[in-house]
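Across the two complexes that follow, chain A remains constant while its partner is chain B and subsequently chain C.
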Partner chain A sequence: MTETPSKLPLRLLTGLGLGTLLCIAALGWVFFVAPADENLGIVQKIFYFHVGSAFGMLLCLCAASASALIDLMAPNETIDAAGQACTEVGMIFALGVLTSGPLWARKSWGTWWTWEPRLTLTLLVLLIAIAVLVLRSMAAEAQTGRRIGNALAVLAAPVAYLIHIAVQKWGGTHPQVIQGGGIQSSDMRIAFWGSVVALLTLGFSLVALRLRGILLEQHMVRLRLDLSALELQRARNGE
Partner chain B sequence: MRLKALTTSLVTFATGFILTAGLAWADGATVAQDLSRYKEESVPGGKLMLIAYMVLWGLVGAYAIRTALRQSRTERDLAALQDRLDHFAGSATPAGAPKAEK
Partner chain C sequence: MTMLRLTWLLLAKDVRIAARSREVLGFMLLFALLCVVVFAFGFLREGHAAQDQVPGVLWVTLLFTGTVGLLRLFAPEDEAGNLDLVARTRSGTAPLFWSKALLQLLFSGIVTLFLVPIVAVFFDTSLDGLPWIALSLALGLVGQAALGTLAAALLAQVRLREALLPLVLYPLLAPLVLGGVKVTALALTRAPYAAFSGWIELMLAFDLVVVVLSPWLFARVTE
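Presenting the complex of A and B:
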């Protein structure tokens, strides 16, 4: 029997608390210190957390992809659980990106959506994450769902790479603010990097929280099996 | 895995994928788009920004709360299961069966 996952979520609570505090501080800086963009106005403030969410999405889905590949080659329950947690948090970030992006685009491009490379690929990576989670949750035979889900999750990293290079490679309308040096003032730069660090800290803590939950669920399954074995043995002994 | 469920999810995913790729291809996704056709009306940026932040934090908050609640329920179930297992293991430990640990 394996050990129960640590009952000391203090580090986890610290991480979540730190992530939340950083996000509140970043939000304060974004709204009360960073100036509004000269051309776009107040709607440009979506940018700070939109890009932070995109970073979180790419990191989480690349980590999920790496975990899936490792688990396919050498099955390991903890690595698999970490991959599953990363996929879930990556999906939340992707939903955030694909909601905040169109709202920003409505003002700056005049349309909610356009089928340009980066947007299309982001939608595809979200579809992959959803498909992985749905396949895993629908698996009556856990190992089969795990293998198929992992095989699909491996695709997320190449798509994430394509998202990263999409604008340089194929052009499109998506702005290249960071590479293009488009952040105008130092207050904007602090707001941007502060938001990125805050969201990544919160995202990492959410992955850790979910990982702990998955490990607890796996432990419960093993205990149920143990209990069934004992009950069966007892019934055979006629007790 | 239930074959019907697997087939349904794979077909749904494939349809979504092909539809997305098809729409993107039809709209000339690999070239820069002409956005001048859209820029005709004035849009309230403040409202859009507010909605974006509400949705983003709503998603993150709902996920965190759901995960924490699910985890505390699992912990409760786990404690009850461990008690039951200890009770069984205390009265009879069958050969080959794993021993319960605290």
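Presenting the complex of A and C:
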């Protein structure tokens, strides 16, 4: 008989509530406490969520590549499921970055889109993450999808680094807020790191939620197999 | 020794199949020509060529034409349903990987030899800096063949592969295409090597990464 999946991801779910509360608190701080930017005005507030999403994307997709590598070397269903969950959440974060980025760019650079290094990198990384997920889902068997999706995810990590170098050389500028001293007051600093923590907590909880979902799906598939084996046995005994 | 010999045998087999059916290479050449014609519709103004579009036309045509070849790369094994048997040689899966990558390199190399003069004539370009352009093309084709062979193998086991190959391939090949376009553009204006040496090094690094990683991953997806 199959074992029931671990309850651990379910316990992590309490983090989802915490993440949501933190996000609401961060929103409140960003809009009611942190001052508007001296040069950019209110549009600068996008940055609090933009950067947090970018951190989330980076963390999730790096974790996804790492777990893909581990699963290829020493197959482990839980690690593979965690990798898939990370890829999906990383994709959501990338979409967040690519939505908030152009909104900022329209106001501060006067254009919705420029082929600026980090925008280009984010777009390409999003496309690669989509490719991994689509490849998984299009395979005839789940195990095949797992192998080929993981192979692509492993290859994506060094290639994404080279894409990063390539688009840097290709041209353009990105606001260097943290290194460039763009944070003008301590209230802004609290808003910034508060949003980062809130978004990362939310992202972590979403990964846990999705991991739980994937493990339950796998458990259900196994239960179905057990059931049909039992029915077959019963039919044989009946004859 | 066994590995080289097995690679050679598999490559010779594929070349023989291609020579008999006359399918893939002829279609790639025709497709390259069609691409250049279609780009001319888009980029020529009143019959005059804007020379700064030549690098883009060249590299995007190679990217598209390479995809055509890659889609048929595993066709013989796919139709016979024996990919897992052919992959299982005494030297592992490496001979199959390298024979397919070399086949793709051979075909896309022939296409390039045909394509460069065509683009030069149709877009009225004197091919200045041809040695550097040739170097960038060689680096681009090696990277595309190595990464493309892995991508084709991944997609050999998937539905809708014609639609999915570009999704897998094009974002990953971005460094090669960006580098190739830059090197070609700079070489055409007779810029010194120092102006684009960084791009050549980047393309070389990309090739090293995919030449090492692709066969390793290939072994893990065709077991």
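Quick notes on this one:
Definition applied: the second predicted complex is superposed on the first by the 212 of 239 C-alpha atoms of A that agree within 3 Å, B and C clash if a C-alpha of one lies under 4 Å from a C-alpha of the other, contacts with A are read in each partner's own complex, and residues count from 1 in each chain.
Methods note: contacts are C-beta pairs under 8 Å (C-beta built on N, C-alpha and C of every residue); 3 or more make two chains touch, one makes a residue touch a chain.
Keep in mind it's a predicted model, so treat the numbers as computed, not measured.
Once chain A of one complex is fitted onto chain A of the other, the partner contacts of A:Leu155 are limited to chain C, with no touch recorded for chain B.
By the touch criterion stated above, A:Arg147 is placed in contact with chain C alone, chain B being left untouched.
In the superposition on chain A, A:Leu72 makes contact with chain C only, not with chain B. Of the two partner chains placed by superposition, only chain C is touched by A:Ile165; chain B is not. Taking chain B and chain C in turn and counting the residues of chain A each one touches, the greater count comes from B. Judged by the touch definition given at the top, the superposed model places A:Leu127 against both chain B and chain C.
In the overlay built on the shared chain, the residue A:Val43 is in contact with chain B alone; chain C does not reach it. Contacts of A:Arg234 after superposition on the shared chain: chain B is touched, whereas chain C is not. In the superposition on chain A, A:Val33 makes contact with neither chain B nor chain C. Of the two partner chains placed by superposition, only chain B is touched by A:Leu209; chain C is not. On chain A, the surface touched by chain B in one complex and the surface touched by chain C in the other have residues 124, 127, 131, 134-135, 138-140, 144-145, 148, 170 in common.
Against chain A, the residues of chain B that register as touching in their complex are 1-2, 5-6, 9, 13, 16-17, 20-21, 23-24, 26-33, 35, 38-41, 43, 45-46, 48-49, 51-53, 55-56, 59-60, 63-64, 67-68, 70-71, 74-75, 77-78, 81-82, 84-85, 88-89, 91-94, 96-101. By the touch criterion given at the top, residues 147, 150-151, 154-155, 157-160, 164, 167-168, 170-172, 174-175, 178-179, 182, 198-199, 202, 205-206, 209-210, 213-214, 217, 220-221 of chain C touch chain A in their complex.
Chain A contributes residues 1, 3-4, 16, 27, 40-43, 45-46, 49-50, 53, 88-89, 92, 95-96, 99-100, 103-104, 106-107, 109-111, 114-117, 120, 123-124, 127, 131, 134-135, 138-141, 144-145, 148, 170-173, 202, 206, 209-210, 212-213, 216-217, 219-220, 223-224, 226-227, 229-231, 233-234, 237, 239 to its touches with chain B in the complex. For chain A in complex with chain C, the touching residues are 72, 124-125, 127-128, 130-131, 134-135, 138-140, 144-145, 147-148, 151-152, 154-156, 158-159, 162-163, 165-167, 169-170.
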